[in-house]
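Given below, in the form of structure tokens, are the structures.
Two complexes, one shared chain (chain A), two partners (chain B, chain C).
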Partner chain A sequence: MKNEEKNYLLTIKDLVVHFHTLEGIVRALEGVSLHLEQGKTLGLVGESGCGKSVTAHSILRLLPPKLCKIKGGEILFRQRDSAEPIDLAKVDPQSDLIRSIRGHEIAMIFQEPMTSLAPIYTVGDQIMEAIMLHRQVSPEQARESAMEMLKAVALAENVVDEYPYRLSGGQRQRAMTAMALSCNPSLLIADEPTTALDVTIQAQILELLMSLQKEFNMAILMITHNLGVIAEMADEVAVMYLGRVVESGAIEQVLGNPLHPYTIGLLKSLPKMGDQTNRRLAPIPGSVPDPLAKVEGCPFHLRCPVYKQKGCDGKELPSVVEPEPGHLVRCVLYY
Partner chain B sequence: MLPYIVKRVLGMIPSLIIISFITFFVIQLPPGDFVTSVQSQVASSGGGMDATTVEALRVRYGLDQPQVVQYWRWIKGFPTGDFGYSLEWSAPVWDVIATRMGWTLLLSGLALVFMWVVSIPIGVYSATHQYSIGDNIFSFLGFLGLSIPDFLLSLIWLVVGTLVLGIPAYGLFSPEMADAPWSLAKFLDLLKHLWAPVIIMGIIGTAELIRIMRGSLLDVLNQQYVTTARAKGLHEKKVIKKYAVRMAINPLISVLGMQIPKMISSSIIVGLVLSIPTVGPIFLRSLISQDMYLAGVILLFMAVMLLVSNLLADLVLAWIDPRIRYE
Partner chain C sequence: MTEDTIILEVNKLTKHFPIYRGFLRKVVGSVQALNDVSFSVKKQETLGIVGESGCGKTTLARVMLRAYEPTSGEVLFNQDGEMINVFSLKKAELKRLRRNIQIIFQDPLSSLNPRKTVLEIIGEPLLIHGVAHGQELKSRVCELLKMVGLSVNHLDRYPNAFSGGQRQRIAIARALALQPQVVLCDEPVSALDVSIQAQIINLLQDLQKDLGLTYLFISHDLSVVEHISDRVAVMYLGSIVELAPSSPLYQRPRHPYTEALLSATPTIDPATRKKRIILPGELPNPSNPPPGCKFHTRCTYAQDVCKTTVPAWEEISPGHWTACHRAKELELRGVGELKSSG
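This part shows the complex of A and B:
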């Protein structure tokens, strides 16, 4: 990829992750490359099983170490006080180094607000724990900051003494966000933060994230399968398919001028405001191949409507080309 | 909390009355009564009893009365601490069983402690090292422990202890210590005898608890909040201890309520085989000789233990899990 001289906060290069399951090897990531600037939002989209969440969990090294192996690639992250980025892919997932980054410089919020907070401790306990882990403060100060954070996510201060099961889904996701932001991380990974919430609450959480991003100047890696969410929030977007990024670029480029047949298919399959109600949505034909199967060549050629054009036989993995500056696509149509 | 406990304790009283009623009549279901069994004992030793003596005995023991009357005579003393009169031992029931009950409770309690102390660390190890060699060895030992009944283990221990190892494998004290006054030497002698029955009694429960702990922890380790705790930057040990084990221990406490009475009945069997003065041996004899007041009190004692241990388990659950506390 170009622009390497730029000071990206996070750069992922050719990340390969394999799962060693009882049924065989699942090639979860087959060479993912991304980059994210300080203070910006990168949207990572794709359908279920394409490797979005695996990418996110790999950054924090949260994948179960026995089952999931990083086979190659780099995850370069620029820490706050150092000029040289460190390669998180090479860090021991049990080390003090990765623990000092988790929750402190990179925080994460999850898809399931109903289960992501432990039911037996109060919200305050759980936020204070994160604060006291990374900052040298007394329990009283930690409680103060926890209450401040709860206020910042528009929750009442007395939520600090509530147990998670007494909160609604939206409130829990706010509390979770408060916990994630309590140590002022430079990168927030949001793994489908609004998927389990209903639409009005979704909009509230997204607005909250955007305003907090401005306030704390943090970068967000937004993982979702909802293109609407991406359009609203992201500066850049990367479209993933079968463990690879097939198209990436600025949001206007990718959504305004989609190049990869998969991206085009995704956008076509969305319902549009003002459409005639009797128009059928255009789904992408076929389905995602079995995760245990190794797809040779272009990952999308089995479902691609246009691959026989331009002499593409799908047998070879297309290389990444850049038809316009910053807009990358992995497809032979644009050679 | 206190009103809840009082409510639960008061709620036990009707259950106990019903249980005492049922046990009293069930004990007397076999044909004959205490006098018949005395009669056959005398007959088997070559003697005989004439009909008037038999009648006189029945009248004296109140056995000529209807069963409901007998039940009332027995039960009305309970509030004043009078648990009836053992016909066979010619002594108040309480005097017959008091020390034996103490030993039973001590053995059962120690076996419970043993079970928990051993099974929780092993269960946690097995779950966090799933399918490792250690996990497989513990699983194998666990299934072995589950499948060997306690009376067989007691017999094996009797043979191995006395014949192979040459150490005292039965009783609670060495013969020379049995009647000695309490001293450090006697206490040490007791410890030397106590550990084996405690382990034998605890081994089935230990195996059960290891399986429960392992399964429950494996379940909890997949929960989102465990990942959240890791993503916070917590040390893995703390994640396991503070988040995973605290949640995974719930089902163990639920079975605790079931285990206390199980321990009591196990102490009866192990006590019988290893000649330890638990309530076991006299319970068996009282059933054979139809000494119904003694047998009834022992059965009632076990029922009380069941109710109390269930209450305890509920209280502990409420203490560790706020979701239960507030309901």
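This part shows the complex of A and C:
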């Protein structure tokens, strides 16, 4: 990370998050570093259990404080009116400061729009709640802006008085997006926003997110396991495996010229549409190790096809190298 | 290979679920889950079925197994050269038929009994059909485990001890226990991570080659279906709108819905961000489908005739069937062209 401190909106440095469960310690994040520029989209990909969602939840400090500890690292976020970034990792998760950031400067949309909307309040009430919490407005004005937001996400204005169960999955995700954007956040965290949706509806939502991003000039942290969605949406991408970022860079670099054996494996195991050669898929052998186990050395060496004895399974984690500008990879092959 | 032998034929299959309302449970309408679905499957081929949620994919699989009774239509199964109608069978005959048609479900956690060991789960169909018991059963289950790439040591473990991919392997072993000819795969890889998904797809393909299986592969993932299928049927709101060998269907679709589906699917090639066709609106209510062509409410090419007349199911080129009024005149874009236009 030679890049001198640019004016990143969000910089995560060596974030370590552990869960203390009854069965033992789950090392969810083991030194994650990311950065995101204003108005850009960063994609975070990886398979289940790699720590994508934990990263997102740590930024907003939504993780259960008793169970989960931030062991180290920084989450630097540049607030709207201040020159100096604040470190969200040090903020008390129940303080007024983080509450004023949640939903106001950093908003989040979740995967399952049914479980993340309250079933007994109307959509309008829920959007108004967010607006009135962060802005000094009257209920009438809040309702007015709620309706405006619904229009922005291409929902009919009368949705304002509907209950979530009356809406379809795509409409709910739009309502959720309207709520997230109602306070004009500078960062939107989208955690698998389209995974529960059909492809035609997914296309609608992705298109909507891209146009809203332009309109509001916000940054998006897009979390998904779907590489296709990342390829269409993101400017930069970070590939995670077992709580670490194994490769990151511009989208063209990482998907066009993947370097880490895990990224290469992921791309090879995907069937490509329109590829008529009928080649056999090349899956990554084995499966993700038990989350309670501590993997020494490179996290991927147990499944790696080009596993080199030297340095891969030692005590040391391979360090990050930069084979081309902006393209970072954590693998001994590129030393 | 005995090519072109038809092993399964579905004729005008219709399934409507009644909607009850009120104290007297009066029937006030029906959800039209399947409408006049017809197709045939050849021996040892894979027929893919794609469509969005609510289009009737799963209902189709369940009706074919007679888990639901159909409203009308027939399913013919080729049993030793004789086409028998699944719906006219008596209970004992149906049990015999089910040895030949098995199913793999989407979620391997909810389709495996958590209180049974692997031996009991995979051995159950063998016991029910009186194929094997005791030591013979155990050795047969061991064979099946090896076949799907699991270790024999796993015999006495419970499903919760396995990962998603391993569970799906157990489900596959159970489906293959009775040496069926046809396996209905209902979203078998949708709940799995990509690297595991590829393992299971390869396993299914290997088993098909080794055992001469016929697959009906149901999925919403177009790229997976293209990869595994010889022919693909596209469903929309309870009907098949297009059916063709997979390469022509993906390269030159003849139904606007297929074109839109192909265009909406994100691809991993970053150099070719496509110009998407965004379908307006959402799936209409299947209890009150639109008149005429069911797709006309979302179709960009719809004309007046589409709103009133149901399009005929036509063979537009050899083996390529579609139901669209404008199939002959429209130049729809396939996967290749979508890329270059980006």
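The definition used in the following text is that the second predicted complex is superposed on the first by the 322 of 335 C-alpha atoms of A that agree within 3 Å, B and C clash if a C-alpha of one lies under 4 Å from a C-alpha of the other, contacts with A are read in each partner's own complex, and residues count from 1 in each chain.
Note that in this section a contact is a pair of C-beta atoms (placed from the backbone, for glycine too) under 8 Å apart; a residue touches a chain by one contact, two chains touch by 3 or more.
None of the values given here were measured: they were computed from a predicted structure.
Once the complexes are laid over each other on chain A, chain B and chain C both fit without any clash.
In the superposed pair of complexes, A:267 makes contact with chain C only, with no contact to chain B. Using the contact criterion defined above for the overlaid structures, shared-chain residue A:129 touches chain B, although it does not reach chain C.
Of the two partners, chain B and chain C, it is C that touches more residues of chain A.
Using the contact criterion defined above for the overlaid structures, shared-chain residue A:280 touches chain C, although it does not reach chain B.
For the combined model, the angle formed at the CA centre of chain A by lines to the CA centres of chain B and chain C equals 80 degrees after rounding to the nearest 10.
Looking at the shared chain after the overlay, A:120 reaches chain B, while chain C stays out of its contact range. No C-alpha atom of chain B lies closer than 11 Å to one of chain C in the superposed arrangement. Shared contact residues of chain A with chain B and chain C: none. The touching residues of chain C, when paired with chain A in their complex, are 52-53, 163, 165-166, 193-199, 201-202, 205, 220, 222-224, 226-228, 247, 250-251, 260-271, 273-274, 276, 278-279, 282-283, 334-336, 339.
Here chain B touches chain A in the complex through residues 223-225, 227-236, 243, 246-247, 320-323, 326, going by the rule given at the top. Listed in rising order, the residues of chain A touching chain B in the complex are 60, 62, 94, 99-104, 107-108, 110, 112, 115-120, 129-130, 133-134, 163, 165, 176, 179. Listed in rising order, the residues of chain A touching chain C in the complex are 47-48, 168, 170-171, 198-204, 206-207, 225-229, 231-232, 251-252, 255-256, 265-274, 276, 278, 280-285, 287-288.
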